[in-house]
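Shared chain: chain A. Partners: chain B in the first complex, chain C in the second.
This part shows the complex of A and B:
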């Protein structure tokens, strides 16, 4: 609700600015007092009263039980003691600076992007309160989990880096967006180099949440262009190209991801030329990328179908070549329409990286299961798995919120 | 009408077996045929449009009039016959097609503006990307054109915020931005509310007076009478009759033309 209202004011705001006129808004009936609101929304009839009471009882019972369990009964020691394994697996401690350096790099870039995008947060009272509560919970969790002063200082540094990037981003013009895009593209190989090169850590030792993130990021960013090309190729007039694209898409989509993972794990090494070896994690990157490209291709195909035929004709009529027509006119419109489906696919892809737990790869879910199996933490399985679930949820939820924001920003003023 | 146009008005030319390109023949179609599956849309159209001439194409729906002008800039591929635009014959050669397209501006019934670009960007897109003009030059030209069609104040808006008449005028500006030698109009006012038709027709009449070569598919009799040098009447894929507007409306020759005119002139 609060969000709906925020959008509406934003839209009304645009209209007012554009026309230079005051827009008359239909009178909206607002409840005068909180008591009135409660009566109107919760106790308007006997049925709604019963519903309110029953649901309140259920929510209260479950909520109370959950809160009591989380804060009193649960043994979070299993998560606290294994925090590092959750985050980076068996990554050697003396090389951990490489991970921190990567985190700093990404934080600065994220801050810069945020600043340049001029994103405004809608600080309604309800949202502020919600953010304050969530922030406090997060801080409390950190306080409980983190003991070393070093880690605190490093985390504080991350926040500072992000804020500094934000402040710097605010000051640069919108033209900086292009450079930022390049920087993000370069950041990725930079992170891989940071972890791997100059006597770094081989991929076999990468693990924990870091591994889930790296795997998902590789799959997302590499599969996106491949998927777009596959979608375009599918519509090609050349039968060889379209047959290849359709074949690839349908083959990959028709097989469960887990089957592909096992194929990549067991069979792919046999297909490689003799003497060539690929680390398991690299093979998994390939599997996830191929799997994702097939889905991206189908999502993009849907977006392409949403672009009106007249757009192709208008683009051709002004003399654009096919490449320019696709790049400047068709794809920008098609891709904008695919944002919800695309982000949704990327969220599931990110969560699917936990399937690697079955291959004894020490990603976060595996780390959680291993922690739960430790003698001193016997009986803490719930806590160990829940901790991993919460971390997955936080990232997936942030992605979905970001996607909504993106949709709103790109949707303004069009169609 | 300018004296120059008056002299060319009334001239009617039927192309013979040989396509000869005189210095002022802008568009020559010779026995052009087109099928859509089993539907025979054009059954051999031969027509010549001279430089600076304004030809209005009329005909009942399904008569092939849109198909004809869409063949002229290769949005449809003609199956037989020849089309020569300003000396360039339309073949499957993509370079010829792109050259012809950049000389022809086209305005569509449903505007087909690019919804993700502002009005200004709609107009500058092709000059910047096809003609490779620098941004400043393209924008200067675009603003001059928006001035010409009467909506410079809308430059920063997205098309969706404009009325139909305004959108169609932007579409005309977008087509003119490529400095075309020929303008094609495919029922430019059919999708407009009545009160917006006039503003678009005024722009088109001004364009006709400026000496632009134009083929206009329309049912606007007023426009045909004011601005056209010639009216061509198509029915069932045949070019039935061609005449200057005065003759066409007051003294039609064929029965099918008479029937059509009796239906649209009430």
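This part shows the complex of A and C:
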């Protein structure tokens, strides 16, 4: 929005040349009345007027049809009846508490981090209204979808856990940030243990949205150190090491993820020592990790290139060894600059997990297709797919927004 | 390099000599790598043997025996090699058409994102945010099962004035078909391109000398058109129009768009278009403000500023990220597998299922994709170099 406005002032700003020959674009005053705003943004020229009229007609027609379809014609029953499959696949119902416990753990941590970070939401009038509308829609959707009282209570609990974490986070100092980072790192194996250990559920039965998230998180977590090593290796002046890293990175980036998935599905079992067997999902975790590490390596390389040469020289000048120079001086600066790119990589990884639909793994897209194939829901293909698309969208979109905020707060590219 | 000088004087013991350690470390790495690869290879061989398979590529000459719905001419009696060729051509077809269309859509949407019209701006933003943030697999399924296959059946299909058809069997439109004399006409067209180029240079020089407007594009286009029309008459109407006809189960004649191809193409174009729009928008914003202000000071209209000053410079910034989007699109065309469009990967999977040689087939597929990636990167680098040099000459 800010950028849009900047362009507009440039377009219509008047050029003032004063005695000093300095050229200055006088900022135009913001439109004061709604009428002025409308004139400027919708009817500024005859071309703009034509566009506005035509588009308004099209949007009105399509939008009306769409709204009517969503609220009247569409059969959302296909999503409602299969909600659990969408979320957790074939995960046994009596073990579902493990998923809930993981959700609670993550939401407490999320609340804490939010509180400690002291990030404030901007409550302008427009944003408040928008959030109210979206929140109401979301609540309405939940009311339609969820019937069991238990689920409602549990969901309410999630909100309470988040809020409690937030309140606690507000009280602690910012020194807690470091502990939180450790807690997040530990939360990841903790969730896996929670799902798997003590007579838990084997990965074969994981599924749905949960599986998409777990796969993406595992891949990004495990690939991160590998990617950093690959990036350092690529820039290394040891010819053998850098050739190996370049070869690996370019090979993985040059072929479609789909071919790697098929590799992991059909051929990886043959490459393992005889007698050793890995579940399909574990193999896919390996594939996604290797795939992701090549991309992480390129992101980290970009970050490394952004570190000023003087930093290397200064580190050398105070007599640091290569390892300490990298670990203490270069990497911290480089990695800070890569955070937004990492998040967008995570988003695309998360979207890519839907490719596993081709392997009869019951991730969310597969769940949607299976739901659409049920006899009692024949003809609801659109609804089934749209439901999955909306869930994917909510996660991806909110993460990309978060990344933009973070980018602004970290001031990436401003140093 | 004072270090080396001292080192030469007093050599450290071998095990603390950095140069030696570097060599030793790398040698150890190579040995470890070779050992691991050897182990993997032996496992593979053992595993394949147990299944009665081998690593030979000879089986590719065998009869394929399965049908492929679309693409260059092929029948099941031909070899696996031919089947793979069909797949490669289908992949290139999807990727090529996709790249062109996605660029156009992305350019339009990217410029629309910066439009002074609020409605246009918001609409483009909604488009970008929706399609960038949902998985391509979901989108392709949606286009295929939710849109294309739900079109009316062929009997009740949409007929465009009886010369084009759209139904759940795909679409068919009239398409030019070469008749006798097409070769002659092609020669005329080539000559026309040459003549147009000469005329364009001539007009440029005249304009440089006299300072009058060159109108070189009009001149060149006119020359080309004259050659084309003249050649068409001389060669005796060499191009006919092939009008499709709806038969019971499909279309005959004309240009056919299968439902699978249509869904894949729409998915690829709409998805990649959203990313390209963001690249275009970012590149336009990255052009230095002064450029636009200078153009404005020269009295250019907003559209002229965009066309002659901002876009050419934005393109230069956009080319590297565009390259990676084109590569992504090409790689993403492998999602054809999901809806059974017979692209390279789909054909490969069919062969792997049928002949059991997944390893070899997958190697071929990966090699082909790598080659395609390299080719695209090569051309994009050429373009990149061309536009950068143009900037340097300024």
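Basically, the second predicted complex is superposed on the first by the 381 of 415 C-alpha atoms of A that agree within 3 Å, B and C clash if a C-alpha of one lies under 4 Å from a C-alpha of the other, contacts with A are read in each partner's own complex, and residues count from 1 in each chain.
In this text, contacts are C-beta pairs under 8 Å (C-beta built on N, C-alpha and C of every residue); 3 or more make two chains touch, one makes a residue touch a chain.
Since we're looking at a predicted model, the values are computed, not measured.
Peer 1: Determine, under the contact definition given at the top, whether A:127 touches first (chain B), second (chain C), both, or neither.
Peer 2: Neither partner.
Peer 1: Taking the superposition on A as described, I'd like to know which of chain B and chain C A:324 touches: first, second, both or neither.
Peer 2: first
Peer 1: After lining up the shared chain so the two structures overlap, which partner does A:266 touch, if you call chain B first and chain C second: first, second, both or neither?
Peer 2: Only chain C is touched by A:266; chain B is not.
Peer 1: So which one touches more of the residues on chain A, chain B or chain C?
Peer 2: C
Peer 1: Using the touch definition from the top, say if A:336 reaches chain B (first), chain C (second), both or neither.
Peer 2: Touch partner of A:336: chain B, not chain C.
Peer 1: Check whether A:311 is in contact with chain B, with chain C, with both or with neither, and answer first, second, both or neither.
Peer 2: After superposition on chain A, A:311 lies in contact with chain B alone.
Peer 1: Under the contact rule defined above, give the chain A residues that sit at the interface with chain B and also at the interface with chain C.
Peer 2: In chain A, no position sits in both the chain B and chain C interfaces.
Peer 1: Residue numbers of chain B touching chain A in their complex, please.
Peer 2: 73-75, 98, 101-102, 104-106, 108, 110, 112-116, 125-126, 129-130, 157-158, 160-161, 174-175, 178
Peer 1: Looking at the complex, which residues from chain A come into contact with chain B?
Peer 2: Going by the criterion above, the answer is residues 18, 308, 310-311, 313-321, 324, 328-329, 332-333, 336, 413-415.
Peer 1: With touch defined as at the start, can you tell me which chain C residues reach chain A in the complex?
Peer 2: Listed in rising order, the residues are 22, 25-26, 29-30, 33, 39-40, 43-44, 46-48, 114, 116-121, 123, 129-130, 132-139, 141-142, 145-146, 150, 285, 289, 292-293, 296-297, 302, 331-335, 337-338, 345, 349, 352, 358-359, 362, 365-366, 369-370, 373-374.
Peer 1: Contact residues on chain A for chain C in the complex?
Peer 2: Residues of chain A touching chain C: 3-4, 7-8, 10-11, 15, 23, 25, 40-42, 44, 48, 51-52, 55-56, 59, 238-241, 244, 251, 254-259, 262-263, 266-267, 269-274, 347, 351-352, 354-355, 357-358, 365, 368-369, 372, 381-382, 385-386, 388-389, 392-393, 396-397, 400.
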